[in-house]
Amino acid sequence: MLINLINPNTSPGMTECIHQAALAVCSHGVQLRSVHPTQGTPSIESYLEEAIATTGVIEQVIAGEKLGCQAHILACFGDPGLDAARELAQAPVIGIAEAAMHSASLLGHKFSIVTTLSRTLAMSEHLVHKYGFAQRCAGISAVDIAVLDLHNPASQAYERILKACQQAVEEQGADTLILGCAGMADLNQRLSQALGVPVVDGVSSAVGLAEMLIRCGLSTSKRHAYALPPQKCYTGWAAETINPI
Amino acid sequence: MLINLINPNTSPGMTECIHQAALAVCSHGVQLRSVHPTQGTPSIESYLEEAIATTGVIEQVIAGEKLGCQAHILACFGDPGLDAARELAQAPVIGIAEAAMHSASLLGHKFSIVTTLSRTLAMSEHLVHKYGFAQRCAGISAVDIAVLDLHNPASQAYERILKACQQAVEEQGADTLILGCAGMADLNQRLSQALGVPVVDGVSSAVGLAEMLIRCGLSTSKRHAYALPPQKCYTGWAAETINPI
Amino acid sequence: MLINLINPNTSPGMTECIHQAALAVCSHGVQLRSVHPTQGTPSIESYLEEAIATTGVIEQVIAGEKLGCQAHILACFGDPGLDAARELAQAPVIGIAEAAMHSASLLGHKFSIVTTLSRTLAMSEHLVHKYGFAQRCAGISAVDIAVLDLHNPASQAYERILKACQQAVEEQGADTLILGCAGMADLNQRLSQALGVPVVDGVSSAVGLAEMLIRCGLSTSKRHAYALPPQKCYTGWAAETINPI
Amino acid sequence: MLINLINPNTSPGMTECIHQAALAVCSHGVQLRSVHPTQGTPSIESYLEEAIATTGVIEQVIAGEKLGCQAHILACFGDPGLDAARELAQAPVIGIAEAAMHSASLLGHKFSIVTTLSRTLAMSEHLVHKYGFAQRCAGISAVDIAVLDLHNPASQAYERILKACQQAVEEQGADTLILGCAGMADLNQRLSQALGVPVVDGVSSAVGLAEMLIRCGLSTSKRHAYALPPQKCYTGWAAETINPI
Amino acid sequence: MLINLINPNTSPGMTECIHQAALAVCSHGVQLRSVHPTQGTPSIESYLEEAIATTGVIEQVIAGEKLGCQAHILACFGDPGLDAARELAQAPVIGIAEAAMHSASLLGHKFSIVTTLSRTLAMSEHLVHKYGFAQRCAGISAVDIAVLDLHNPASQAYERILKACQQAVEEQGADTLILGCAGMADLNQRLSQALGVPVVDGVSSAVGLAEMLIRCGLSTSKRHAYALPPQKCYTGWAAETINPI
Amino acid sequence: MLINLINPNTSPGMTECIHQAALAVCSHGVQLRSVHPTQGTPSIESYLEEAIATTGVIEQVIAGEKLGCQAHILACFGDPGLDAARELAQAPVIGIAEAAMHSASLLGHKFSIVTTLSRTLAMSEHLVHKYGFAQRCAGISAVDIAVLDLHNPASQAYERILKACQQAVEEQGADTLILGCAGMADLNQRLSQALGVPVVDGVSSAVGLAEMLIRCGLSTSKRHAYALPPQKCYTGWAAETINPI
């Protein structure tokens, strides 16, 4: 079972963090192709950077399809490029934001999301609505730590995330928490123990969902919305990346 | 990994059908406790029968918890007793209707549900709304075959379900299909090949979701809505079934 | 005019309290069959207890139908068993939560619900959505007094409910209040005078709705969703309670 | 018990038809003040005519308040002037569209509305959303008979309404029907017998709801949205009608 | 290009304030017919006054149509009479509440509305839902200054509105603000500079929208909902105002 | 007044068609910078192509900002890159899909969208929900003509679009139509005359909205969601296009 685990940004440290989180939960026999795009943005904290990352996701989904990957995971909480990836792939594609929300909705009545920068709150809110979880979401809050500072001890990331989680449980009424960044994937167990409620990391959930779909023989529908895109003559980066599909 | 696979009705044939569907997808090392309640209703096609089945689900969730099951699956498309089961269980609990909808929403833009009797359409519609999939559901239709007639060749179940699925794809715009009864769990692959779109069976999806949650170390939140119920002195069937928790 | 006034729990004191609330508002010529199930749970504060109470509701709806009751009222704010009762009954069936919300929506722009235990907030929220009142509901709050402590002076129930109501008016913007427990049915007038806004008790509203439907000659639709359930051979408690319909 | 039964249009025949429908269901001791405005429009089939009728409703609500009416009913399916009437009245105010929808939602899973002219479909749709019944409404259809032609045998009103109702049950999945015009208030029983499902007339439902609120001692909230309007010096028709409140 | 700029209340000072706001933004060649009704209410702060103002709007829309106005603007934040005006007019009709919400939704992710009296909050909330902006609205708050006191220095209107706007940005998460009264139309630029976010006034937005529709050759649809009203014989004020259409 | 009119695809013929549609409606003194990206895709009919076009939109928004453009228009009905463009721009940004929906909602009760390929129906549906027009949209249908075939007489584009529009009015109940492709911008007047209802083209509406915002002095909010993106070191195409902001 070969899973294409794509970190949409270009930071090798993030790719490794994501790889470890996936490795910890995947079942016997699963192989992970843990990669990041050859070019793009070191972290994703804006709509602009989601657009940049989307081009890298397209590149790596195509590469993964050629290698026969049986599922693709997009390991950034904005799920950048998810629709385009589903269109390009025969295999199923899973974003970690949707994965986390699906998991959380199986565990409790209301989840809250704790994410990095305030400027990304609108993105998470949009996904909550797009995926249908508006009534299940108790709140979305930000700790205002940049993605690449999460592993810098000076940021006190764990303490600030813990505090935001506690407020979500006490004040928003959440019974389940979602960590809104792939860079937080190493914190969920420690937080869960401290809080006494489930804390969901999207990377590990996405691996489980990918295995589920593969074992059930389910893949992206090629009728209607996600049919393979028509063949056309692109120019620029798209010509190099996509044309020879 | 021990999974409590509960058929909420009392028909042994259904339990076996569900068991086979689960067996076909579960990964190495998973053990299934495939059971049905000691008493109840032979099939579930009304609100009344959902209420009867709920008491059997409670009985079997309690039994499964005592045996150390790491997840519970409720294998009836109405997800009877799901909230009560989550309250009673430390382990995660998954209904096959929610499992099917979560799976389907990862595979396409719109799913349709094909179920048994028209009288149950309102139940499925209620679940679609409760779980947040109203915008993702293209339609719900019934073939008007009773649950226990599905395996009777005279019912022409396969042909009628196939036809309803084709209408869902052509007329409702569905790109993914959900089989709305555990008793259809043996038809999804054949239908998928005939239709050329993914056909989701909730039993197999639920097994995959259960494995995912177990591997991720995630379980039902015990804060707020699903906290263990208060201890009280019940009378009647509840006294026998529940009191000695 | 004979109305079947069912207290879904087994506490005779609650049945009496409900009976008095109904008696105070019913018009000349109305007879109340005020009952509780022969077995079940002394109060209803969890999904588990709703499941237990549902079996008692089924028992008493069947009994009431045999006696020729012209309407059934389910006097617990979770409306346990409402769908099953509608299926079983020819006469109309009304839950007190829905009754209270329908009443409140005729009196103001926004209502708030004040209920007993925090653990039941999710249940009330679910009903608000199911019945279509999400935009009309300003908030739901709990005083964290158990149902059976409401009439214990040590609980200071009146004072704590009054305070929660005041917060609902001042902070949530409610102009109308709903008491979220049949056990509060004796408090609405006193609260209304203290607050200066309408305070709705579901029991009295349900009696008025029942009279309205009876006088209008309206009864539960037997087409589609609430058709009589199919006849089957049940086992266990259901066999004793239901089979001889 | 004095109820102010206002026909918002100026046709005496309609006022009499409404009066008879109310008389048939009101309980012993209820007195009806059945009136129409002194000036306005002979029927209401446009937004313009709703605006005209609203000024007549205001006139008659003020008159009814002065006479000590304990409830006001607005007997036109567009509920014209409902918000203004609630503001002006101490007593509760009920529109027959909302009354019909509340009743119907107690009787089945889905209702359909059958109304007069196609041009009013948007009005009914707006009310369905405003009152929170969007998920409960299976459809709205028009027979394209003008209000004042309903009692003209040449219009074949009964036959055409019956046919529209049958389509609503068979094709839209409705289990309950609502007659979308006060002028149809004499048809509901005949239709119900022919169709085998409940057919709701808003006038009789509104009378029952008014009695319910009066017996429960409930009245329009005077906090926030429906507080009495500020006293001002109006000119024109408003000066004559309203100023001396 | 002739635009009918209707102040729905009867205060000449408000009409002049609205006229100046429109004049400041309209393009070369636009002529404004800035008027108010011949009779009605000096300001609009209740449902009753919206009903009064609606009759004046009808009068002035008819007058404007006769003069060949190419668009009508209703310059009161409750958009009183909008539906009736659309029905009566061949030219397009724009309310300033909808104009402001359309504008604001092009500028940011979430807008908040700051309005005059608390009693009107429900009206604004209704319009937010009716126009489809519920997910885009971060909040609605009132400064509790009566419309006709806005230009009285003793009311400290600017300071109180500024404070409410700041709270909307900091606490509600708004990135854009809407002034919820035509009488605030002279404050938006000063507030925008102080706050550092766009502050939308509905009058100027409505002028721009009117010009847009006129240049695009677009006008109110006369099919279905907004077809011209049927000709009837009205009595009272309607006879004088409308009959000779 | 300088407006940046961006055709997101790379077909010069489309750019010219869009330019002419804009020229026909813009007011005196407006200058149009009508451009397309230097590289990308010749037409946009898939999520993949939206991702490609987004990178071209980013390029041209940056170029337009440097030239002092006072508004940006994205002239493709999928509004590709709208959020990223708003983030990058100080000036307001308008997509033609949102422009068309805002216009249409001012003209009638319900609009329908007629677009090119069926595979893009899901994209339009997503925008309808994102922009808040779900209740105002009567339907979305496709004529299944590729974008670049619209001007090929063999495609019979006008006839097939006319037929789809007629069905929308008759069967879906639409009173207003939206043309779902910038390549149809030359058809709206002819269609409107044939149909007798308003037919909205997004390009001309967007020009009018841009003028409106410019005259009102309104621009994209730089607080919260659309603040300028953080400065980072990108690699690949993004480095060339964006880094020197």
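The first chain written gets the first letter, and so on, giving A, B, C, D, E and F; residue counts start at 1 in each chain.
Methods note: contacts are C-beta pairs under 8 Å (C-beta built on N, C-alpha and C of every residue); 3 or more make two chains touch, one makes a residue touch a chain.
Since we're looking at a predicted model, the values are computed, not measured.
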Shortest contact path, subunit A to subunit D, counted in steps: 2
Steps needed, at fewest, to go from subunit B to subunit F via touching chains: 1
Pair joined by the larger number of C-beta contacts - C-D, D-F: C-D
Centroid spacing, where centroids are CA-atom means, of subunit B and subunit D in whole angstrom: 44
Whole-Å gap between the CA centroids of subunit B and subunit C: 29
Junction residues of subunit A - those touching two or more other chains: 109-110, 121-122, 129, 135, 173, 224-225
Listing of all chain pairs that touch each other, if any do: A-B, A-C, A-E, A-F, B-C, B-D, B-F, C-D, C-E, D-E, D-F, E-F
List of subunit B residues in touch with subunit A within their complex: 25-29, 92, 94, 98, 102-103, 105-110, 131-136, 169, 173, 175-176, 189, 192, 196-198, 200-201, 204-205, 207-209, 211-213, 215-226
Touch list for subunit A against partner subunit E, complex: 121-122, 129
Contact footprint of subunit A on subunit F as seen in their complex: 10, 37-43, 45-52, 54-55, 58, 81, 83-84, 86-88, 118-119, 121-122, 126, 129-130, 146, 224-225, 227, 229-230, 232-239, 242
Subunit E contact footprint on subunit C (complex, rising order): 109-110, 135, 173
